[in-house]
Each structure stands twice: as C-alpha cells, then as structure tokens.
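Next come two complexes built around subunit A: one with subunit B, the other with subunit C.
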Partner chain A sequence: MEISRDAYRAIEDIVGPEFITDDPAFLDSYAFEWLAELVRPNRSHYMPRPWAVVMPASTAEVQGVTRVCNKYGIKIKPISTGWYHWAAPMKDNDPTIQLDLRRMNRILDIDEKNRFAIVEPYVICAQLQAEVMKLGLNINIIGAGSSTSIVASACAYFGGGPNSYSMGNNSDNLLGQEWVTPAGEIIRTGSLSSGCGWFCSEGPGPSVRGITRGVLGSRGGLGTYTKCAIKLNHWPGQKVLEPKGPPPGYRLEIPENFRVYTIGAPDWDAWVNCYHAIYDNGIGYVFHRQFNLAGADLAAALWLTYIDPKKTLNDVETASKDPAIQKVAEEGRISFQLILAGNSMESIKLQDKVLDAILAQTGCYKVARFCEPDMAEFTNMYMQRLGHKHCNFIWVGGYMGSWMQAGTPDYVRNYIPTAIKGFERDQKSHLLVECGGDATMGCGSTIGGGGYFGLEQFVSYDPNDNDSIDACIKHMEDAIKDAISVGVPAGKEALYLQIGWSDERIWDALSKIPQQFILNFQTKIKDAFDPNYLGDRNYQWIPPGWGQKADAK
Partner chain B sequence: MGMNSKKEELMGIVGQGNVSDDPACLNGYAQDQSFALPIKPWFVARPQTAEQVQELVKWANATATPLVPVSSGAPHFNGDTVPSATEAVIVDLSGMNKILKIDHRNKIVIVEPGVTYAELQPALEKAGLRITQPLLPRANKSVIASLLERQPTMIPRLNYSLPEPLRVCGVVWGSGEYSFTGEGGMGPRSLEDQWKIGLAQVNQQGPLATDLVRLVTGAQGTMGIVVWASIKCELLPAARKCFVVKAAQLEELVDFCYRLERLRIGDEVMILNRRQLRAVIGKTNGCGCGCGGADWTVVIGLAGRALYPQEKVDVQEHELQALVKEFGLQALDAPPEVAASLLAVSGETYWKVASKGACQEIFFLTTLDKAPRFVKTVEQVAARFEYPASDIGIYIQPQHHGVSQHVEFSLPYNPADKREVEKVKAIYTAASEELVAQGAYFSRPYGAWADLVYSRDATSSRVLRTVKQIVDPNQILNPGKLCF
Partner chain C sequence: MALETYRADAMRCSRCAYCKWVPLDLMKSWRFSKGCPSIEFGHFHSYSAGGRLVTALSLMDGRSEVTEKVKDSVFKCNLCGSCDVTCKMCRYDMEPLEAMKELRFHLVEQGHTLPQVEPVIDGLRRELNMLGKPRAERGDWAAKLNVKNLVKEQAEFVFHAGCRYSFDGDLGDAARTSVRILQQAGVDFGIMGEAENCCGGRAYGMGYKAEFETRRDSTLIAWQRAGVKTVITPCSDCYHTFKRLYPPASGCDIKVVHMVEFLDQLLGEGKLKFTKPVPMTVTYHDPCHLGRQGEEYVAWNGKEKKIFGQAVCYDPPRPRYNGAFGIYDPPRRVLQAIPGLKLVEMERNREAAWCCGAGGGAREAYPEFSNWTASERIEEACSTGAEAIVSACPWCERNFLDATAGGKRKLAVYDVMQLVEKAL
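Now for the complex of A and B:
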C-alpha cells in the first residue's frame, strides 16, 4: 500500500498540509463504519483503511486532487455526511483517497422567489431547513435524517423521505449540479451548463444527469458532486422549529392549520386501500411509517416511555407488559404517520373531513393514544425535522434494514407477510432484538404524488456480540431466500452483503439481471468518464462478456 | 445497396403494404412548418410491432441507412421530423396505436407511440381518469412524442419533474438493442411478465444508477425509438371551475403567479397575452375572449376529485380570492370557451395556424422574474422588422411546481406571402440569438437553435456525443439533429 510520497506531496500542494493526512489514527476513524462487521473478516468494525484523507475546500481543489489521483493511479472515494459501510473504501490493498468534503459546507444562495437553494456537499438538511423555514419554505429530508448532505441525496444516493409524497424525491428536486468526474473533468448539467442559471436539470436536448442519477445514484463510485441546486417547497408552519419539553422527547407545537395523526389499519388490505385513498385525494404533507422501526410488539412501549421525562429506556420492558400499552400496541400494529397541512383553516378542515371519510371507507382509524397532544407534538417534531435518527440504533446499538423492495402498495403488501414471518422465525435464535416480526417502516411514497415505495425491516442486532452479528447475517441470507420465494428480487440486505463480495461474485450476480443493456451501458459510461477506473463498483459495471462466462458455469 | 433492394428488404421487415415511396407521401415528410432545409426521404416504413422496429433498426445499422422516427400526424413544426441526411427512411409509428393497459388502481396507462391525445383522453375518461396534457394539443399529436419532447403540460402542481407524466418506456436503441427504462429496466423484458410479478411501470428512476428515460427525452429521436410508454394519470375531476385574472402589464402578474404556484392552488395555471387567449378560443378576429381589454390573463383551473370534490373546489376558490385581493387583482369566472379549452384537443385546423395558415414559434425555459424582459426583447426585435407586436401570441406555462417557466412566442404568418415568410424568418433568427445571449434557456434546441445552444455549451455536446456513441454507434437515428 506504499504510494509514492510524490503523490502525497502533490496533493498537499493543492489543499495545504493541514488538510491531508495519512496518520493511522485519523484513517481508522474513516474506516470505522456502521454495518462493517456484517461483511468484514473477523467481524471487524473497520472497512479498509484509506491511504490518505484529503479535505478539499473547493471544486478546483477537488479537480486538482482528482488529476493527481489519475496520475498516480490512486482510487477516489468522496464522502460528505456518509451513511452505511459503502461510504468507505471497498478493498484492502487498493490505495484509495477518502475525499472528505466537510469544508465545502456553504449555502451559496437561497432564491426565495424561484424556490431553490444552491448548496455545497457538506450542507446538511437541518442547516438548510432552518434557513429556508425562515422564508416559509421547506425541503424534502430523506429518510436517513436531517444530518445528511443535500448534495448526496439529490445527486448521488437515494432521495426519498417522509415529504417525498408531497414534495417529490430529491432526484426530482435536483436542479443544476456540478460534477467532477473521476477523470477530473467538471461537468455541469441542465440550464447551468448553458450558463442560464441553476433552475432546471433537464437538457439541453437529452439530459446528461440521466447517466448517473438513477434510483440509488453512483454512491461515490463515479466522481464527486461539488454543488447542486435543490427545489424548495412551501412551508405553512412556524418560522423556527422551537423544541418544547425536556429531552429526549422534544416536541413541536402543532399550528392550527396542521393535524398530526398516527393511523392504524385492521389488516394489510385496509392499509393498502387507505394509502390509495390518500393518494387519490391528494391530502397530506408528511406521509411515513416511522414508529414501527422499534417493532410492532414494542413500539408503543418505547415511544410512550421515550416521551415521558420521568422514565428511561430501562422502563420499556415494564411498559411493554402494561395492558393499556399493550392495547395501544395492538391498535398501532399496522400503522403510519400522517401530517396534514393547510394553506388556510378551511383547507385543513376539509382535509380532516376527507381523512375521516377515508378512514370510514377503509376501516382504518386514528390510534387514539398516539394522537393525544404529547405524542402528537413529539410526532410533529420527529417527522418535520427527522432529527431522531439515533433512535434507529436505540435497542442495542446496531441495526440492519432488510427487504425494502419498492413498488406499488399492492406489490409491497404481497411481500410483507413473508417479511414478518421470516423475521419472527429468525428472532427465535434470541440473538436479535425480539420486537415482533414486523419492524417494517418506510415512506408513504418515495415519488411525488404517491404510488411507489418499499418497506424496510429494521433488524436490531448487537454489533459487539459476534453471535448476534452472525444471527443478523443469517437473517440477511434468509431474507434473500424468502424474497425469491414470493417472486420479488433480493432487498437491501443483498446490497449490504455485496460490499463484502469479490468483484467476480458481484459480476456473476449482475450478469443474471434479465436486461443486460443497462450493465453494458454503465460499463461504457465508466470507460468514458473513469478511464483509469478510480471510482469503485458502487457505480455498477461488468467486464465485457462476463455474462456469457457466468452462464457457462 | 440500391433503392430497389432497400425497398424489398424494408417490405420484408414491415410488410409489403407498410412501405411507401410514393412521391406525394415522401414530400409530406420532406419539410414541415419550420425553416428546416427540405430533404426528401427515400421511403416511409410503418412498423406495427416493437419487434419490427427492432428489426428495422438492425437493418439500418447494417445498411448505414438514416432513420427518422415520426409518431404524430401533420403538421409538424420544429424540423425534428425532417431528415437532415439524404437517403433516409421515415419510421412512421402511427400504426402502433394500441392502448396496452389502463391501470386504474395505480393511475397508470401504457400506450404505443401512435396513440394520440384525441384517442387517449376519451378512453381514459371512460375509466374515470385523464392525463395532464399540453395546451390544446393537435388531435393527431402522439402522446408519447409530446412527452418525449418535453412539451409543457398545464398542471404545474403535478409536474414533479419536467418529464412528468412520462414514467417508463420500452426503447429500441440506435444500436438495435431493446430495453426498458426506469423500474422496468430491472425486471423481465416483457410487460406481461412484469405484470405477472406485480410490477406496474410506475417509477421513472433507474435502472441502477441511470435514468435512461432522460436520455430519450428531448432527444428528437436521436437516441432510441420508444415503442411503448407508461404515463401517470389522475382521477377525472368531478367538479371544476375556471377563473381568469387580468392585468395590463405582465409585470403586474409576476408576484401573484409566484405565490399562486408556490401554494399550488388549482390545477391548470398559465399566462396568455391577449392574442394568444383569442387564438386558444378560436377567435381570430375581434376580441370576445373574456380578456376585457387586458393585455395579459392568468387562466386558473380549479378541480375537485375523489371525496367532496365540490368542497375542494370551493376551498380553492376562497383561497384564490383571498390571494388576488392581496395583490390588488381580481379573479373572475372564465368564459366557458376558455374553461373548455383546458380539457380539449385542437380542432381540425390547428389553433396556432388558424389565423394565417402558418406559425413560427420561439420557446425556451426561464424563471418567471426574467419573463417580462424576454417579452420585451422579442417585441423589440419584431418591431425592427415591422411585425406588429399585437400579432405575437405569448404563452407562459409554469413547470416543475413553478420553478421553471416555459415561455413561448407564436408568430403567425401567411406561408404564401414570401415577404412575410422572410420577415418572420428574420425575426426568428434575430430574436433567438438575442434571447440566447440574454440567458434564455433553449432546453429543446430544435433546428437552428442547436448550433446556438451547443456552441456555447461544449461540455454538454461532448457528453451527449459520448452517450450517442454508446447507444447509436453507427449514428443511424435522425443524424444531423442536436449536436450529432
């Protein structure tokens, strides 16, 4: 892994000596990644250590560093806020620079009238939201929460969140973007490329953004995104999200033109029908199934304990045995959160009336305890800012999301019983958190206007207990088989496991995708924009002819 | 290969009756209403299936024959269907006109490229659905062609991205390969097989790390031939009401429209000048368009669907009335013919050519605050050539939740009057150059605009040529267009 000191010196000359390091202590802090233990030898919490960490301050510096990497054959892995183990370098003995973009943290412009903001990659959702809310505007915060980079979700990774139903997925909210390719070229897209401003992501002619955006983006595998413009949406609420009450269950007052509900369903068919009716009636500002991440058996006990300032997590077990809380758990077993917002009082009253009619039609109902002011205000804060992502890890410090195959509500409904049974089965090892078979959560729709989403099964495991890690891996392998048994492709668990696979194993898997056109296309794009193959396989590609090789085996 | 051999091979692919070299037929494709250089194609081939399209493209690769895909009926306007290369074959997709599926539950319709607005909307209406459409499209306009060309649609609140409501496509690429875009790209390459496993072609994103659909939109048929597409529908409104808000100056409407679009009040929202409003309702002479003498009109269509539709319209009406008051404006009931135009397709004579027989358009994207300046630019250029400002139709269509605006100028002229033709041609050239220089974004660079746009945007040209080389390595699809 010894690289010429010349390369180090050349990069140092660009960013300055204080913004490059190969100190192992620093490098390991980048290698330490959530989910690493599921794919690394010896259940290590560490992904491969980067060769150096570099912190550029501008697009020009990113370009300069990229050019040096091309000269010396060093791989490049950009990271802004990071999420999952694939934010780290992929391979041992494959010298990789971790390009940490945290110095590029400016909101460059907020165009209030035309409703877009221009941001650098380390601007996080909470930061931008706080600024635009002062102007009565809001952003779509992705499911991974308010501490995530806007540029990452808009340009390079999944862009869906609780607001995507009303505001659109961030891939659709993306306007102009600036991209430093692995070859070191700066490419700007849409109206920006024509020198006409940041307001449009399409054209001129076909849209260049089409080669890298996709469903999950290139995840740092094909260059570095250094700026983007994001569409802003109307916010009819407070100018400042003033937290109320003691920690950790902060609450947010509910303005008179808002309603905050947790809706329960008697069965999955009613749940699906309710989703369709919400889409058809166009009501709702936030639409998400959030609280069930704690598991259907324990969610009520957890959240009602969480918001009680006199209690701690140690009280959850007792609470879970309380008949009153057990009743809430049953009411909320199949549930989701829905926040209505009106431009006027008339509007919010009508939305309420429509929702009541939908509930009457579908047999769904409001989960009464979760709609009481304390819990509703907590829900409001949780969902409007999505600042509670630490709760994802609340049970034992680690979780892995399986399933989440996306499709129509009926498509999801088809696999949910299998996902539940499978998790129930795997919990019998007593090595995973036993929270009930259903810990599925996800957006009401990941695309604007509704109609498309997946549910992610939150599997909580202890990342410091090898047996628990093994149980989680077993669950992942089981979930893949379970998915195939109901005719759906493997879910997120496969994506996680693949990080630990060899290239050859990944190519074998990719070669089984029924339509190979896309892989051939991406391989040629890779050749064109990353001729030295400095990006990693998060932008998928396959050697020419590999499919035939796999078929011959 | 000679013409006769080519004809025989074409007939072998699409059938004897589906190949034409009749001079009258070929002349119909040799030019359109634009100022594109007329070039006569050698043949018109009319495939009936996706398989035939794929065979046709493979044959074109083998014989180095340019193909020009055409789905809509005449008149054509932008030069994109006029061959830029000699010896071309027009691929007339109008015979592929099946509505493959109406999926009411998921609000998706899947159509072939020959399905027109005049055919689709009544079929959807029977199912209680509709799609958001462009303003008064030609009855024979292909729905797929319109969406692929990113023609603006009228309901900005439903426009989550510019390609909306287009979702998933089946594409025969220039290489002859056939694949699906979006979520369809990861499943089996058969719609029936995808339906069997519950896929509904809803999501335009993908497959993998690409959005292939975005490479065929705005492409003028240069990347691939779309053989089917899924389109997002909406429930047919059960209650509607239409309003107009008028002003003497466009500037007076800008802040109001910003607020209206931000609050997403209403379905259809657009701004028309007096000339264009008259044209929309078919009044070629006099006024009588409900503009009340005002030069500018915002048309706002309110709609209610599903539960309590009338109450939904009432609430929106109250919000609209409060809003206009805030801006010192008035919202008046729209004349019935204006309201009707929001749901209709054009009559037999396309409304844009009704007054003088021909019409040259200039259109681009911008933000609303810049629109008045661009209007002045075009009026000044027209004045230089003594073309009356009152003859210029202007249409501003908010897109993408109102973040971008399609601004369109219509310059009607008499095609039999050579002086008038030359005058409009000169205005088109001069105004386009000035608008580009001032920052108007020609996102759909047809004809002469392509050079204007790509000569200023070397990066887009280079990247698009790279993509073109991948999907159409022999450059057989509509060569000479865009930057290819």
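Now for the complex of A and C:
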C-alpha cells in the first residue's frame, strides 16, 4: 500500500525532504528488530514496515507531523534509540509513520542546585551520566544499559536498573515531561504546566504521569514524549571516568571510598536473607545480579575470558573445563554484584563492617576471584556505566528474557526453582545455549529504594537457525505454563509474545484478566487523548464490552 | 567472498546500535560521544553499520532494490571501523566492517557505481595513482636524495611514499625526512620511484576489488624482483593495505613497518636523539588505518562451530580484530621524546578515535561529508587547547588542512615526521 502522496508532501513540508523517506531498504532497516523472529510469520526478522520514516527536529515539528497523521488517518510510532520489536509498527497494512527522534538529541539543562536535568529523547544515559558526573551527580542507568534513551525509560517504560536500589527507577525519577498526544496537543505535566519549572512531576498542575504511563509505560503507543526532566543523585566518585586497558574488558580504578564485590550465597534462602539485611541496613550504591546473564554454569568461564583481550569465545569452552574456574563457578552460582560508595572514609569503613557482619550472619561470602583487582575493576566499570549490557547477546546474537515477575525477595525465591528447572528441561533439546538452568539476573530493585525486585532468565538462541528460534518460542510457551503452575502470573516472555498477536487475540486475553476497571479506565484515556486511534496497543485498552458476548454464550 | 557470507552476521545483529557510539565506557562528554560519522551526517538508521547489515539482507532477499538512496547510504561511510570496535565490545565475532566492504563490492560488481568516483578510478587505471597525476612524476619527490632505485637495484627494504606524499606538495617533507632518517640509520633500502604503484587500498575501500587486486599483484611482483622483504611507509592508508589486505594473496610474506614504528625503535635503541626543542602543545590523531585497523593480520581458514549447544565460535579459533592491539603507542612515544613538546589527548583517542573523514572514498565521493567529518575532529582538537593536530597519515592531514583552510579554526596540521624534522 502506498502512502498518500499528499500526506507525504505535507510531512515533507514540515521536516524538510532530507528528513523523510519511504525507500524500501531504509524502511526495512527500521522494520528489522530484535525479537521479531519470535513473533512474526515464518520467523521473519522484520516487523511490519513503516510507511515512511520521519525525523522531526523539535516539539513543534512532532506536533505538525502528528496533526497531518490525524488528518490522513496514519498511525504514529515514535522511537528514540529504537530497540525491541515493540519499537516498530505492529500491524501489516496499517499505515504507520515511524517517528525517529534522533535529531532531538540535546541536554537542555542541568540544574545542579536542584538536581535535575532536562533532556530530549535521543540523549542516552551514558551521555548524561558523563556530563553530570563532572558535577558530582549521577543518574540511574536502566538495566538495558547506557545506550538507551532517558526519555524512553522515564516516560514510556518503567526504567529500573542497578542504581535503582539507591536512586529509584526512572519512572520515579521523572520530574516533568512534555508530551505530544496522539491528537496533536502538547501537554506539560506537573509543575512545568504551571510555569514553575521542571522540579515536580505531581503538581501544581495536572499530574498525567500515571495516565500516560500505566504500569509498564506506553512504549510508543500513546503519542510522543519530546522532553523530560530527570532527577539526579549524589555521586561520590571520579568526575570523569578514565577506563584502563584495551577493549573489551575496560577497567575502572576503584576509589578509596568505594568497594566493589561479587557476593556469593550457599543457597537461595541465604541470598534472600542477605538481600534483606543489606536493604534493612541501608548500605550499598549499586545492587545487581549481572554476571549470571551468561548462566551459572558458564559465567565464571565467560567473564574471566572476556577480561583477557587476546581471548575469544573458543577459549570459554576450554575455561569451562578448567577445575579452578569450575570452582569459581560453584562459588558464584548464587551471587550478585554489590558496590558500596561512601561519602567519607568513615562511611565506607562502616559500610564494609556492616557488610562483613551481614555475611557472617547469613553465611554469604565474597567470591574471591571476582573480587581480585582485575575482575573488581572490570565489575566497577561494567556496573557504573553499564556499557557492556549487550553482552546479553554475546553467545550467538539472540537473547530473550523469560520470567522477571517482580515482588519481595521471598516471592522471587519461591519461583526461582521452577524457573531453573524449566530452563534446564528446555536446554535438553540442545537448541538453546546450554549454560545451566539458572541464567537469572536482574536489578536489585524494581521500585525505587529497594526491597522489591525480579529475576529474568536469560535465554540465548540462534536467530540464524530456525530450529533454535522454534526452541526459544517453545521455551516461552513453557515458561508461561510453568509460572501458572506455581501460581505466578506470566512473565516477560508473555509480554514479548503478545507483540505478535492480533488485536482480537489481545482483547480476548485482556477481557479475562481481573481488575477490568484498569482497562476501562485506560480505554477512556485512549478515547480522550487518541480519538483517531493512531497509537498502538502497547498502551493497553479494550473495546467497551469486548468478551462479554462470548462469555454470555 | 560473497555478500552471502555475511548473512549470518546480519541475521544475528541485535539492532543494539552500539555501532553508532564510541565504546560507552569511554564516553566523557555529550559533545564527543559519537563514534560514527556516517550516522551523524546521514541520520537514518541505514547510515549505520547495523543499518547496512539490514540493507545487505534486504537486497539479498529481494525485499528491496538498489536505489540512489541505497547507494548513498552504502557509500557515504568512511570505513573507519569505529562501529566495528564498539560492536565487538559485546559481540565477539560480528564483522560489520567486513560486511560493509562486501556490500560495496556487491554494488560495484552489479554496476551500481557512483559517477563522481568513476574519474578517480579511471585515473588510477591510467596513471596508477589516486590523484590522477602523471605517473611519470611519481618519483620527483625523491630527486637529489641519492636513493637506490629498486627497478634497477636490489634491497631488503623498500620505502613506499604512497600516492598522497608523492604528489601533494602541501604536505611538506615527510617522505624526504623519512628517507634521510633511513639513510642515517644505515638501512639498506630503496624506492620504486616512478614505478611505484598505488597500493590499491583506496580503490578497495571504494568497492573496486578488481582494481585493488591488479595494483596488489603488480606491487608484489615488483617487490619480489627487487628482493624486498620489508616495506616501510609513512602513509597509514598504505600501511593498512600492505599489512591487512595484501597477506591473503598467496606468497605475500612482506613485513610491514610504519615510519613511526621505525622511529620508535630507533629511539628505543638509542640510535636517534632529538636535539632541538619544539615548544608546542599538540594533540595526536590516531589514523583509523594505523590505530584500530592496524592490527596484525592472522591467516585463518575455518568454519563456524557451535559450542554449548548454540553458542557460536570458530574452528580453528578465528582471529578477532577489535582495535585492542593497533599501533597507538609508537607515535605517542616519538612525540613525547621531542624536547619541549607537550602532548595532550583528545577525548576520543586510540580505538575510539573519530575519523578524519578521508577514508572509504568519502573524500572523493562526498566532499561535504568528508569535510564535515574532519571539521568535527578539528573542533575536538581545539577543545584540548592544542596548537596543532598531528597525524601519521597524509590523507588525514590533507583533510584537516582543507577543513581548517577557511580560517574558522586556527589549528596547525602536522605529520609526526614534520615535527621530528624540526627536532633533529
């Protein structure tokens, strides 16, 4: 289906001819997305092609393009850095403009005194972090890493990361946003809408943060966020990070007021007790279960290979058979990374003492090899900048996260054995990377301030091998059943799979969930802000009465 | 190799877009955080390494065709390799840079060439150089230097000036200074003079593989006849060509040395001493072809194998070029040995250096893009407070001279050899 030339020209007039394209190869570069092959017919790596890609440079241009879309009934899908299958248009033959916001890439203000920064959508976490660290401040970098957009994680997703433990999620840290609704209105939230600046997300003025976000965030399904203010936090470390060594395993010196540890636990109960005790005692700057993304059987072999620039994946195989490394693997089987930061030497010494007491009390311990200077400095670099996050894909280029249901540590401990057993079972096909049943990892917090988190199984599959893709899909289906079998709702795998469903199938599923009032509420929001239904179902809603007739039959 | 060879890489690209940035750990500011000139200038995802992998896939699968826009996106790239370094931070074995080169070969083989590049390639075929200058003048730079001509004599070492140093008079005396230093060091060397060929590396980058092979074969035969075992060059473009692109040709076991490596060795052995101070603050620009792409070639012939069920590695293990072992320290040691000279670093240095803009045929095909890329580097150099930007490649220097020519930025441009000459 060809885009209306009138609509094309109208958009071209707004952004200029060099910032719109409908060249098929260019469109394909946007349709090609991570995870697509798990949900698209014939395991295609392409989501539906957008009708055109448009690159606005300002809020006014976003608004102009949105109004044209309303006039011509073209759907809108904004992206910032543009990662995930849900970043692409979701339906074939449904004319959709992909708004690529990469020209909106400025840090507009860093308010050092009031500790917030105002950024446009294409500012990534690493850029802002580098700038604010110079002022002794820091940001929460989300679990997906520092190549991600701050606006996307704060306004349109939940934005949890290793720093959330001490800094909160980016959805919590959102202090104001500028939103071009699908109808083309510009709405500014909180104090900003009263002309009082960006300091408060909840007023004076309308607080539409909850409206636009839902639980998870609208993920491009409800208009375009063009600016946001994000809270900044204290940073007692180096003003400029100066990594050492050749790639890929850069190392960051550990200042005397910091400690970088990998903590191991003898069992999951001890792990949970240790988490509680660390949280209760208010120590810690970064809390993350990171390295286990490689799988508990292989994590030690992978990371000890990774930090040697002369080695490659072949060496991981050799390392995994080395008894010394196998011993490290056992020590770190149930582990997490913890960084302590002190505002003074007294503070860091005290935190260290408290940690030692917690370890003694819970039976947990420091994983010695991972606390040696080379690995500790690598861990410090990795966790402070999260610049290696796409090691998620290191084994073969395909990774999918299952589980990740968030809750208290005890809640998570209860589903972990099932998650491990299920993954072990599915690896027996040899069609997924065999890294041990436990490849669970996750942030120390999924609500600001800790005490609550989830663990995600890192399932690696080969996107260039249809059998492996099928095995991953099967694992996703299995994981849903496994979760239900232990009374836990389906996890991230369900969220991923749903991207490939038809509207009707989604609505059928949604009509069966409890708390229908949420969907009714969101439907009203949709009607109010998106009267022409130009956003997609990443913002969830349900047609009034859907499913009721079927139930009546 | 056919484009099909890179299908697996394309299918396994995680669309993470790391390839657009410097390695994230190395980011020190918003201003100098970008790694890829192409995406910064072209904007659409197709102007990135990841985007080009999709273009390759889309073309192979007949989902799209080669349009003018596709050609623009394929060729408007410096082949600087920044993307390759950043991709390999997390993706051990992806080869986006090689895939992008192959995509160019594919387009050129199918006749999808750029009209503005054709005259340059015609000039190469006719005059055997990339500047379209009369080939008879190629050896003029060495007049009165009393150097062996290896067309008539034999020597173990050949000094290869390269097209740019042979013909671009603005670049000063880097080639002549090199020759004088080699003479003082007592090296048994010669030059090919008028018979020196273009190395073919730039044609390779432009997608003209056949032209590259002709130049390579001709050069290797000439060297073989002259008994050459080692080539020394002050040009990083030629250096990379000899070091990385020649070896796959059978029978090529020539040792390749850049002049900065040779100088570094002389300094290390105490055979060279700088006597005159050069009181100047300079910043060093790592040429892509000497730095991240200057790693040793390792022959490999193998196939993919899977370990742990589905993890991909290679049998035998495949060499990994990720910029870890490029030539970064020798030029810095040489500069630091010059009395009075202060070396300051740009934010993006070594494997994370921003390109000068001359590579991949961009200088010839897209002067505006090329000049913008160079201007960005000049801005970065100025931000260090340096009075001069120093490089070890005439192509970088030519681009920097052009970018500073308008006088907007007052920054001197030097080759390492020019500063060495001042210090001798």
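By definition in this document, the second predicted complex is superposed on the first by the 543 of 553 C-alpha atoms of A that agree within 3 Å, B and C clash if a C-alpha of one lies under 4 Å from a C-alpha of the other, contacts with A are read in each partner's own complex, and residues count from 1 in each chain.
The rule is simple: a contact is a pair of C-beta atoms (placed from the backbone, for glycine too) under 8 Å apart; a residue touches a chain by one contact, two chains touch by 3 or more.
Because the structure is predicted, anything quoted here is derived from the model rather than measured.
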Which superposed partner A:357 touches (first subunit B, second subunit C, both, neither): first
First, second, both or neither for A:397, with subunit B first and subunit C second: second
First, second, both or neither for A:75, with subunit B first and subunit C second: neither
Contacts of A:408 with subunit B and subunit C, given as first, second, both or neither: first
Contact set on subunit A toward subunit B in their complex: 113-116, 168-169, 171-172, 175, 185-191, 193-197, 199-219, 221-222, 231, 233-234, 276-277, 279-282, 343-344, 346-347, 350, 353-354, 357-358, 406-408, 410-411, 414, 447-449, 451-452, 487-489, 513-515, 517-522, 524-525, 528-529, 538-540
In the complex, subunit A residues that touch subunit C: 18-19, 21, 23-26, 28-30, 32-34, 45-46, 53, 55, 81-83, 100, 102-103, 107, 123-124, 126-128, 130-131, 145-147, 240-241, 243, 246-248, 250, 252, 298, 309-310, 312-317, 320, 381, 385-399, 427, 430-435, 460-465, 468
Subunit A contact footprint on subunit B (complex, rising order): 105-107, 150, 158, 160-163, 173, 177-180, 183, 185-189, 197-200, 202-203, 205-220, 222-223, 232, 235, 258, 262-265, 305-308, 311-312, 315, 318-319, 322, 365-369, 400-404, 439-445, 450, 453-454, 456-457, 459-460, 463-464, 466-467, 470-471, 482-483
Of subunit C, residues touching subunit A in the complex: 7-8, 11-18, 21, 23-30, 33, 43-46, 50-51, 54-55, 57-59, 63-65, 67, 69-70, 73, 85, 88-94, 306-314, 317-318, 320, 322-325, 351
